[in-house]
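What follows is a short report on a single structure.
For clarity, chains are labelled A, B, C and D in written order, and residue numbers in each chain start from 1.
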Amino acid sequence: MDKDKNPKVAEKVSPVETVLKEPGILHEPVAAPLVTYPIEVVIPKARQQTPAVGQRATRLDGRLHGLGQTGYIDDMTFPGMLYAKIRRAGVASARIKSIDTSEAEAMPGVMAVLTGKDVPNNSFGPSIKDQPVLAYERVFHAGDGIVAVAAVTEQIAAEACQKVKIEFEVLTPVLDPLESLKLETPGVHAPSANIYQKKFIKKGDVEKGFAMSDHIIEGHFTTQMVEHVPMEPHATIAMWDANGRLTVYSTLGRITLGRADLASTLGIPISRVRIVATIVGGNFGGKNEITTEPVLALLSKKTGRPVKSVFTRPDEFIASTTRHPLIMDYKTGVTKDGRIQARKLRLVLDGGAYCSWSETTLSKACILSAGPYNIENLYAEAYVVYTNKTMTGAMRGFGAPQVCFAYESHMDDIATLLNMDPLDIRLINAFHEGSISPTGQKLQSVVVKESLLRAAERFGWNPKGSTAGAGKILPKEITSGTTVRA
Amino acid sequence: MKKRGRGMACMWYPIGFTVAANPSSAVVKLDEDGTATLLTGTVETGQGSLTILAQIVAQELGISTDDVNVVSADTDATPMDTGAIASRTTYVTGNAARLAAEKVKLMLFDVVAPLLNVKPNQLEAKDHRIVVKGFPQRNMHIGDAANHARTVTGEPPIGSASFNPATVALDPETGQGKPFGTYVYATQIAEVEVDDETGDVEVLRIVASHDCGTPINPMLVEGQVEGGISMGVGFALQEEILFNANGVQINPNLTNYIMPTSLDMPEVEVDIVDNYDPSGPFGAKGVGEPTLVPTAACILNAIYNAVGVRITSLPATAEKVFNAIQAKRNAEPKQITA
Amino acid sequence: MRAFELYSAKDSHDAVALLAKHSATSKVRIIAGGTDLLADLKFSAHSPNVVVDISRAEDLKSIIATEDGLRIGALVTHSQIMRSVIIKEMFPALVDAAHTIGAVQTRNLGTIGGNLVTAVPSMDSGATLIALEAIASIQGPEGRHEVPLLDFFLGPRKTILKPDELLAEIIIPKQNLGKPTAFLKFGLRKGQALALVNSAASFWVDWEKHTFVAPRIGLGAVAPKVIRATQAETFLEGRKITPEVMAEAGLIAASDAKPISDFRASAGYRKNLVAVLTKRVLEGAYALAQAKR
Amino acid sequence: MLTVTLKVNGETRTAVVPPETTLLRMLRDQLNLTGSKLGCDVGDCGACTVIVDGKVVNSCLMLAGQAEGRDVQTIEGLATMDRVHPIQRAFEDCASLQCGFCGPGVIMSAKALLDEIPNPTIPQIRDALGGNLCRCTGYVKMIEAILIAATAMRGESAQASR
């Protein structure tokens, strides 16, 4: 075991060097991949049949996946490629007083260092451009990137990031969405208000509906912040050609929007940018907007070399979007035979530090919040607020899993109160073909009842089964008061 | 003691963006052997959407799934697409792909009609051939038809199309409007076992009955439902990003952020509800996101059914369930035990 | 990972020699299975200059049952414990404990010695071994010496090992060979879970009087290090074996426990788990005793 | 620097690496075997699973130097020029993988399981996959494929022993 006495730059040992150092060991280039698989493939029958629709056809990428031959971003290398790492804030809210990158820049192997002042247009976002590429004056959440380093190895880039000295004036973060909702709470993005989007749905007359009800029942529900956890972390490679055109290989799920956002942050026309997405190793909504693409593009421009970055698993948690936590208050009036007469509800979404896909999430949550039920009298209001937490954005279901948890828990509470079977109360109220949705849309191809009945049959649901929960506490019934609890 | 319970939840979920335009374009080109290439700007992020799109194009052209090659996700080569988001690929990109393939097909009908002495509308594409309806023996191989178009008619068999779901903006005051093209529906029923001494919840079984319009590929629909349920199990019982008092995450790793392993997954039974939506490609809608929407709700209802406690904040960790059981016991009138 | 030098030891003597040589001048860490060490070093700013790889030290890899006791080499992996016919026969609880560690991949790499030396309070190997009054055999420059495993731990991630010493063997003393023992772990999920609470119980039964003899209870994740529930043990000694007594012992064990509240669970909940798990391991060990009778 | 020689998929390979290099990095960066994936780098996700001396391990938790002289099998070594491995075939037929990133690790775990237990029960399969996180599939179609592959492999070995 010999030790390199003076490892200035622990650059990756190339295969050629290996051959030179140990002559005689190898009889072929090490770089030849040790892979075998049949090139002539038998095509599965379901892929050959017509008509094609309805076939259990195997996936186009199924063979490659199984062989380990699908090429993800991190499996790609280019000659001279550098590796980038980003130093993140680590504090939720702060003013950046100074950034000293001199020590990092002096490290052997470091090729370029980038801060927010190097970014031509340092803000982006799908609906509100409130997110910096690299935080420069202010930190809005702990995962904000501040300095990026490109170096010959990942390790050097990581160590250089640690050598950057950042002086913060730490500010009190706003962490509670209900606190943020209050007008007197300081704005996370002052002078912008903390409530950055609102949505209302009014249908019929809720007060009249409550008056016609035999019972009024309330529910208060909250959900947590969740990460997408794609197994493949965010990864990007950026490189420029001699014509001044940028090519970016990225794990983006939406290359069209990604190109527009990337070009806009760089201040160049979209025609100067090519984005290629490979097969992406899981998205679930977390890879729908650019993250490090502008940083890599700028590092690549500075160095004239391809630059790659792959998020570490912690990066994936702190620097990508997450699922919105919701605070949900429901109040429903029902007749004693189980018909919903009126529903009033309020949703508060924790929007995190940046808007991202909050607008869509807010809308979908609000529109879907009453459930797949015919409710003549409905009032729904929904707010999304800034906090100094990890930004929340698109995630599989856009607010729907949260409101479904609320409206379906609430539904079972109503069933319990009325001593009805959960299946029956749903069947009584569920949408049918031609039902009018809360937004007044006439619905088509509606099969809620069919799905209820089929699931019940498949499960073996029988009314007697509900005795399993005997001794339940009845949900608290209220008889007066119409305000929804905050 | 371990107590069993069951709970159901149903849901509705829209396909595509809320009101906002979310168009997809697609290009289909037919080669001389009658196989096709689809160019799409959407990205395969694991759902199998490229396979679904290939099946849609194949169906429209009367060829097989394997006859369709898909080129995707390169802004230099592929047309604009709003992307793999909002359960929209099958419905929106699928419609665009079908319309693009239809253009190619109609072009071939025009080319083949005089050769077979019929009108274009008397033709159909099936089994790799352009066939006179009702007279299957009168036909031309689709590859020959494509060649004829190229060499004789001088028109390359290439079609392109765009699709954007029809929506009506919502009134800002009342929220009235038509935000989405269509919706899907589903019910899931869970059976759980709750250890009333520890609050530990084991999800034993979930039956999932999902509408996706026409299932373009039932095997991939099942895969979406099964995967959605695993995410739903995590949402219901395990997963939570936690912050310290200063707003810094304390569990940003897979050691301490608890998501389901193979040992945490229930038995899953997937049922696809027969349905057809006239606005979707071959009646298809979508299935990606809705698969996890009712999972947490049905599990939480099953916990209630098992031990009589209503957990109102997710995730329903064992500790939360246990504390609720304790609170319920303390609230109950004391009984004299034998 | 930051750069370090790597030296591979042929056997335990070689390992100790390497430790002695390098620990004087460098920060040295030992790597065995690597499951704890490498996970630790990947995201850590502090790295050793020298890593001594003992994974090839064959003399630390045996499981030997002698009349003096059961000797388990420090490099025996969790998978090997699960497959060991001797251990399965004598102490199924050790097999259960090994099975709850990580997943197949980490059980194939991770060693019982590594699990103990890392000394995280939630380690899964500790509770059962403590309940079996295991002895740690430590190898240093002057040879081997033995200490009760209970005294091996000083606190979270702290043991009595000196920089030039390594844990060589774990010995279950002869008086406890075949002693009915049960182990349970409660984690936040079924697979790859970190323990919120570990509990192991071990006792002989006086079948004539139907009483507990030499009851020992080990608890993990409820104190800065693995502990014995001594009050519960005292309570059980010589007492009639009944479900009520076992439940009562669980409650007493809960007061022996000194858990902390953290993001995984509150102290109060952990105490409840100690009560429930301890009751259940007592029941489990009793069932085993009946089966062996 | 460290010269590491090991057997990979049946062939002896050598590379010179810094001592802190993990087996995963050596396979991916030095030997161009990129089938094994880096998903967390700390042994939680199992995307880097390979078989070393017959046992599945997280290659991110083993130093390249520790693998010196050992027999390493990676996803690239399963298929031959004549056929894809029955597990790979079954995974393809059942659409068991979606994004595919966890796939190489899952398949190696399945391989090690079936090498040891040719006729596994579903709980044994779940246990074998316990160290391989997957976010797409809910593991359902993987379990299905492993059962199918087990049958196929038993058939093959019966044929071979005849």
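In the analysis below, a contact is a pair of C-beta atoms (placed from the backbone, for glycine too) under 8 Å apart; a residue touches a chain by one contact, two chains touch by 3 or more.
This is a predicted model, so every value here is computed, not measured.
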item: Between B-D and A-C, the pair with more C-beta contacts; value: B-D
item: Whole-Å gap between the CA centroids of subunit A and subunit C; value: 40
item: Subunit A-subunit D separation of Cα centroids, rounded to whole Å; value: 30
item: Whole-Å gap between the CA centroids of subunit A and subunit B; value: 17
item: Set of subunit A residues in contact with two or more other chains; value: 1, 3, 7, 10, 58-59, 61, 229-230, 279-284, 312-314
item: Set of subunit C residues in contact with two or more other chains; value: 1-3, 5-6, 8, 39, 43, 103, 190-192
item: Multi-partner residues of subunit B (at least 2 other chains); value: 45-46, 48, 219-220, 228, 231, 251, 253-255, 259-263
item: Arrangement of touching chains [line / ring / star / complete / other]; value: complete
item: Subunit B-facing residues of subunit A, complex; value: 43, 46-61, 90-93, 141-143, 173, 175, 199-203, 219-227, 229-230, 252-257, 259, 273-285, 287-288, 313-314, 316-318, 322, 360, 363-364, 366-368, 371-372, 380, 387-390, 394, 396-398, 400-401, 404-405, 407-409, 412-413, 422-423, 426, 430-431, 437-441, 443-448, 450-452, 454-456, 458-459, 461, 465-466, 468-473, 475
item: Residues of subunit D touching subunit C in the complex; value: 2, 18-20, 22, 41-44, 46, 49, 55-58, 60-63, 65-66, 68, 109, 112, 126-128, 130-132
item: Residue ranges of subunit C in contact with subunit B within the complex; value: 39, 103, 186, 188-194, 263-266, 269, 272-273, 276
item: In the complex, subunit C residues that touch subunit D; value: 1-6, 8, 31, 33-35, 38-39, 41-43, 51, 53, 55, 79, 102-106, 108-109, 190-192
item: In the complex, subunit D residues that touch subunit A; value: 1-3, 5, 8-9, 11, 13-19, 28-42, 44-45, 47, 65, 74-84, 87-89, 91-93, 95, 97-104, 107, 133-136
